[in-house]
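Quick one: the structure is below, and I'll ask about it shortly.
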Amino acid sequence: MAAITTAPGYHEEVDPNASYLENKKGLLSWLFTLDHKRIGVMYLLSVIIAFTLGGLFALLMRAELLTRGRTLMDADTYNKMFSLHGVIMVFLFLIPAIPASLGNILLPIQLGAKDVAFPRLNLLSYYIYVFGACFGIYSMIHGGVDTGWTFYTPYSTSDPAHGGVGSSSAVIPMTLAVLVLGFSSVLTGVNFIATIHKMRAPGLSWRRLSLFAWSLYATAIIQILATPVLAITFLLLTLERFLGIGIFDPRLGGDPVLYQHFFWFYSHPAVYIMIVPGMGIVSDLIATFSRREPFGYMAIAMSSIALALLGFLVWGHHLFVAGMSEYATMVFSALTFLVAIPSGVKVFNWIATLYKGSISLQSPMLWALSFIFLFTIGGLTGLFLGMLAVDVHLHDTYFVVAHFHYVMVGGTVMGFFGGLHYWWPKFTGRLYDEKWAVAGWFFVFVGFNVTFLVQFLLGSRGMPRRYYDYLPQYESLHQISTVGSWILGLGFLILAAMFVRSLFSGKPAPRNPWGSAAYEWLTPSPPPTFNFAKDPVFERGPYDYQVATDEELYDGFDDPLFPEKGVAEGEARA
Amino acid sequence: MSAVAHEKGESGNTRGAVRAYAAPSLFYVAVFVGLAALTALTVLQSTFDLGKLNMLLGVGIATLKALLVLGFFMHLAWDNKFYAYIVVTAIFFVGVFYTYTTNDTEKRGLRDPDQSGKILPATGAPAPGGFSP
Amino acid sequence: MSMEATAAEHDGYARPKWLAHHFYTPAQQFNTAKLGMWLFIAQEILFFGALFVAYGVYRNWYPEMFKLASHQLDKTLGAANTLVLLFSSLMAALAVSAAQKGKRMATGTYLLVTIACACVFLAIKFVEYKHKVDLGLLPGTHFEPNLPHGVPSLPANSGSFFALYFLMTGLHALHVLVGIGVLTWIWIRNLRGAFSKENYTAVFVAALYWHFVDIVWIYLFPALYLI
Amino acid sequence: MMQPQASSWQLPPAMADTAAPMDGAFHFIFWFSVVFAVLVIAVTLLFIQKYRRQKSDQRSGKAEKGAPTPSRNKLEILWTVVPTLFIIVLFHVGFSAYIHNVTAAEGATEIRVFAKKWSWEFEYGGGARSPDLHLEVNKPYKLILSSEDVIHSFFIPEFRVKRDAVPGQYSFVAFTPTAVGEAHVFCAEYCGTNHSAMLAKVFVEEPAKHEEFLASFGRKPKLCGTPPVECTEEKWGESLFTEKACFTCHGTGGDGKLGGSPSPGPKLAGIFGHDQPLQDGSTVHVDENYVRESILKPNAKIVAGYANVQMPPFAGSFTDDQLEAVIAYIKSLK
């Protein structure tokens, strides 16, 4: 461990050329690592476990909705299923997924830095994440919560044990879990902004920052400015349920609509914490796989920042029918439309980047393109919900469920898996099987659309969300959706098998398998502990394909798409 | 010379040494006296009942004291502008949160007294499920 | 060859011991630490800001109740606490300027006085809390006021005011406690001679945190006590 | 009761004046989005197909690159300003329809709607409450909502109205039914175990039929029960028992179970004439007064073992003779 007094963050003896996976072995070297790449891999593992657990709950829910009445479980268990699905997916997967795992692994390399600004804070934020997850598991063991991931009061805070009218499930451990998870997210945000400001290698001006780094910067701004309000909201929630302080419970003089203001002031920017890094990955993927500098680089970067800032002004569209005064609904509806502009600018710029590019449809690119298609549908249905008259009918129906799944799964999960495929050779040093990857993508894409496209119809026909049982006219659409969820589950199984197989028997990855000009491909894969053998000085931008030499872009590897020849010697060359 | 320096105001000879302005100790004591005086002022001001003005004056004096601490004790006055921008942005977003929330809470029931009112105007009956002492 | 040597040979001068491996220059380390702390303070502004929003909303709804309930708080103790914290803020600032000049002894004493003031602040806070608990002025469901006669009775929903009072001052006291911990740790490191004219980052950053805690109280005092 | 035909493949039948503006806005933004999405997807597919990388790097021995990227600020400004104009139009369409739907017509008939954990009740001014909403066609209505425990949301898809019933405050929905037929009320805000069972029926009737309903409301009907049979006191009590959704918590069988699992509420069969142990240790002799008090103020005497089950109070839900009928029915349970 670092010497206590004199030299904070001093690293033990490390061979600069050995890869970060080989230079130290053993569990302890992982659990007490200060290397941002190892912390990122640990985050990745935990985040994928959370995604699997959340996905399992989703499959059980959809199976229950296959037929009317009781199919698998009773109402209480179903309510706990959808609440745990929501909490796990939002707080344990979507928010930490891209910034904390892929962001931790890639950001310092993309900046040419040795590590993030505060390595010990980075490790601390991982352990706070694990500590929060333990609270969540404790609550799950004790029956889980049945309040939905939104914990609306007074149902969540009015404890029947104290003579209340609300939920009798294990709410307090789960709210503490979310409270603790919030701090992990804040510390990651502080770390990333300090890293991007102060740790950039010489020659790396703001205009040479990769678009993924720009999106992490915008996300970090939201993490710092929004998460504390979540901490306060859940602190008040926990104290109100535990001690009965009357802030949100109307029985004690509080106001439940005020809770919704507090909750959504965090939770709407939180959906931008989830989607903006996904957009950052897609910008990088589109640039690499059309081998072209992104069209309107500054426009894409600035629209990430614009999304981050505008995201704070629109939370009211969750309260249109919640009893908010019409003056507020008018203002929030207008601002909600404004927030669609930066997303639109991004999509237009991505498409313009494809124009006259040299597009190669390798598996990461398939994920990026499906992000564009599905995020466009997700974004447009968001406009439906921003429109006041239409939202009155569609609020809290399956239309909303379909909308946010199109943005979360169609957006963030597609971006996350695109990034995972894209950087997998870099941080594991192994190539994966392209055919399996395309098969996995196909099942996920088809399964997702079958599951959620019909839910738009369910919603507009008036089927409310979070329903254990439904009227006969909705049955056929629910059955289509459940079958779709099986295809989706199969797709993720294929991907899991592919990645595990590639870890053990994947071909060793060359330095630059995709022929990309971005900085992370200049260092061998897997990279050494301090990312670059010698401190890098950058003379060109990450997307300057015209300036990048052929030697940098192509080093004789076997192109997975056209594997005529055998594998060229794939060992890394600096 | 190694292309290392990318900290603004980095002169070659002191090899990136840390430099922050240190005011004379008496200056800090003067700032403290100012703060103490403002505290006395705000306590005095609270004894007069000026209605709405009371709150504004209270916040005004508190902001003055905060600016003194931020500017001199926390070296913001002699430091890179960026740190001041961080503080201003944070306060701006607290302002956004407060303004939009009170835009709702203050205007409830303004268009139609039946909307989100705690008492039903027609019968005067308090809404069920509400606060009953 | 060891990491130490490559970095030194690379920069052409002996790297000081306290410079972390991933920083190029001491100035970079100092400014990064300062930026990190200012970002943490921005987060804290939102943290307390959210509570002030709740305070603002409730005060607009029940101005009379807030006025009556606030008269139960002791203004003199509040003012005394404010002066104690302002003085401790002065001590922290002097500790930093002493550390900048490399005067290790002066830094140590200033830090000690800051910690002492913080403890005095907590003591006064404890007295105030005891007084509230005795009068039964507790938040929400536990609000059973048994005020001495002659004192005007409080409206029924004053529980909300005392909920906000205990929350805001309680969270602030928690931050004071953390501040005491941090300042003691810095005091110990200063005793061991970890700081010098070139390396006073930790003292500076700890003082930043402490000044912020003082600013929160500067706003809390008029908000709760001087209605 | 014939059912009006659905107004489009996406939306439920339009049965109120609030439906038309909303449907207009919905179809406007739907077609706007379809055109926009088709445009985006088509152009992307076109570019993918047109600018596909011809040879793999490996065969060409070098990395095939895309064309250098020009910077077109004019284009950027274009596709920022044009969508802004679009959204201004969208906002206007949405907002004007919204203001029409949330404005209550002058002199609208007021109906009080009580939401409580897992059932709706409608009071037509006269004290008695009915679990169904009976409306007269082409007459403006204003439904005043309130909730006794947690947040519920009053949602009638056929009328396109939705408003949260928040405990501690009133809210209202306003509409004028335009088509005779049957609609249903959902609870759209999650409120606990039987959130999905918290349904109610809406009957939009001709004026004559509505008058007949109002006249006979609250008094013992000639026929009751399913299949409708001559109404005795117990039969009427049983139909009220199901109407007020008592069965969601109380099993009526000898074992007091509910669909195989233990019922949330205490057993009702065969309790008359025996002593009932209470939570606070005392016992009470079960008679009409105990049952009446337990219906109106459930927390007065809590049966042992059911401490934290909060049965909502039914005071005001029954007229006196309805209450007599329910007690008679419970008495008849063996």
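Here the chain labels run A, B, C and D in written order, and each chain numbers its own residues starting at 1.
Just so we're on the same page, contacts are C-beta pairs under 8 Å (C-beta built on N, C-alpha and C of every residue); 3 or more make two chains touch, one makes a residue touch a chain.
This is a predicted model, so every value here is computed, not measured.
Relative to the C-alpha centre of chain B, the farthest chain centre belongs to D.
The geometric centre of chain A is 33 Å away from that of chain B, both derived from CA atoms. Distance between chain B and chain D, defined via averaged C-alpha coordinates, is recorded as 44 Å. In this assembly, the C-alpha centroid of chain C lies 49 Å from the C-alpha centroid of chain D. Centre-to-centre separation of chain B and chain C, using mean CA positions: 15 Å. Within chain C, the positions touching two or more other chains are listed as 10, 24, 28, 31, 35, 39, 42-43, 46, 49-50, 53, 57, 156-157. Within chain A, contacts with two or more other chains are made by residues 165, 197, 225, 229, 246, 250-253, 255, 257-258, 265, 323, 326. Counting partners per residue, chain D has 149, 166-169, 171 as the residues that reach two or more other chains. Under the contact rule stated at the top, the pairs of chains that touch are A-B, A-C, A-D, B-C, B-D. Residue ranges of chain B in contact with chain D, taken from their complex: 112, 114-118, 120, 122, 127-131. Residues 74-76, 79, 146-148, 152, 154-155, 158, 160-161, 163-168, 250-251, 255-257, 290-296, 299, 321-323, 326, 329-330, 333-334, 337-338, 340-341, 344-345, 347-349, 351-361, 369, 372-373, 376-377, 380-381, 383-384, 386-393, 395-397, 457, 460-462, 464-471, 515, 545-546, 550, 553-554, 556-559, 561-562, 564-565, 568 of chain A are the ones that touch chain D when the two sit in their complex.
Of all residues in chain D, only 9-12, 21-22, 25-26, 29-30, 33, 36-37, 40-41, 43-44, 47-48, 51-59, 61-69, 71-72, 75-76, 79-80, 83-84, 87-88, 90-91, 93-95, 97-102, 117, 149-151, 153, 155, 157-158, 160-164, 166-169, 171, 184, 186-197, 261, 308-310 touch chain A in the complex they form. By the touch criterion stated above, chain B contacts chain C in their complex at residues 1-2, 4-5, 7, 10, 15-20, 22-23, 25, 28-29, 31-32, 35-36, 39-40, 42-43, 45-46, 54, 58-59, 61-62, 65-66, 69-70, 72-75, 79-80, 82-83, 86-87, 89-91, 93-94, 97-98, 101-102, 105-106, 131, 133. Of all residues in chain B, those touching chain A in their complex are 3-4, 6, 82, 89-90, 93, 96-97, 100-101, 103-105, 107-111, 115-116, 129-132.
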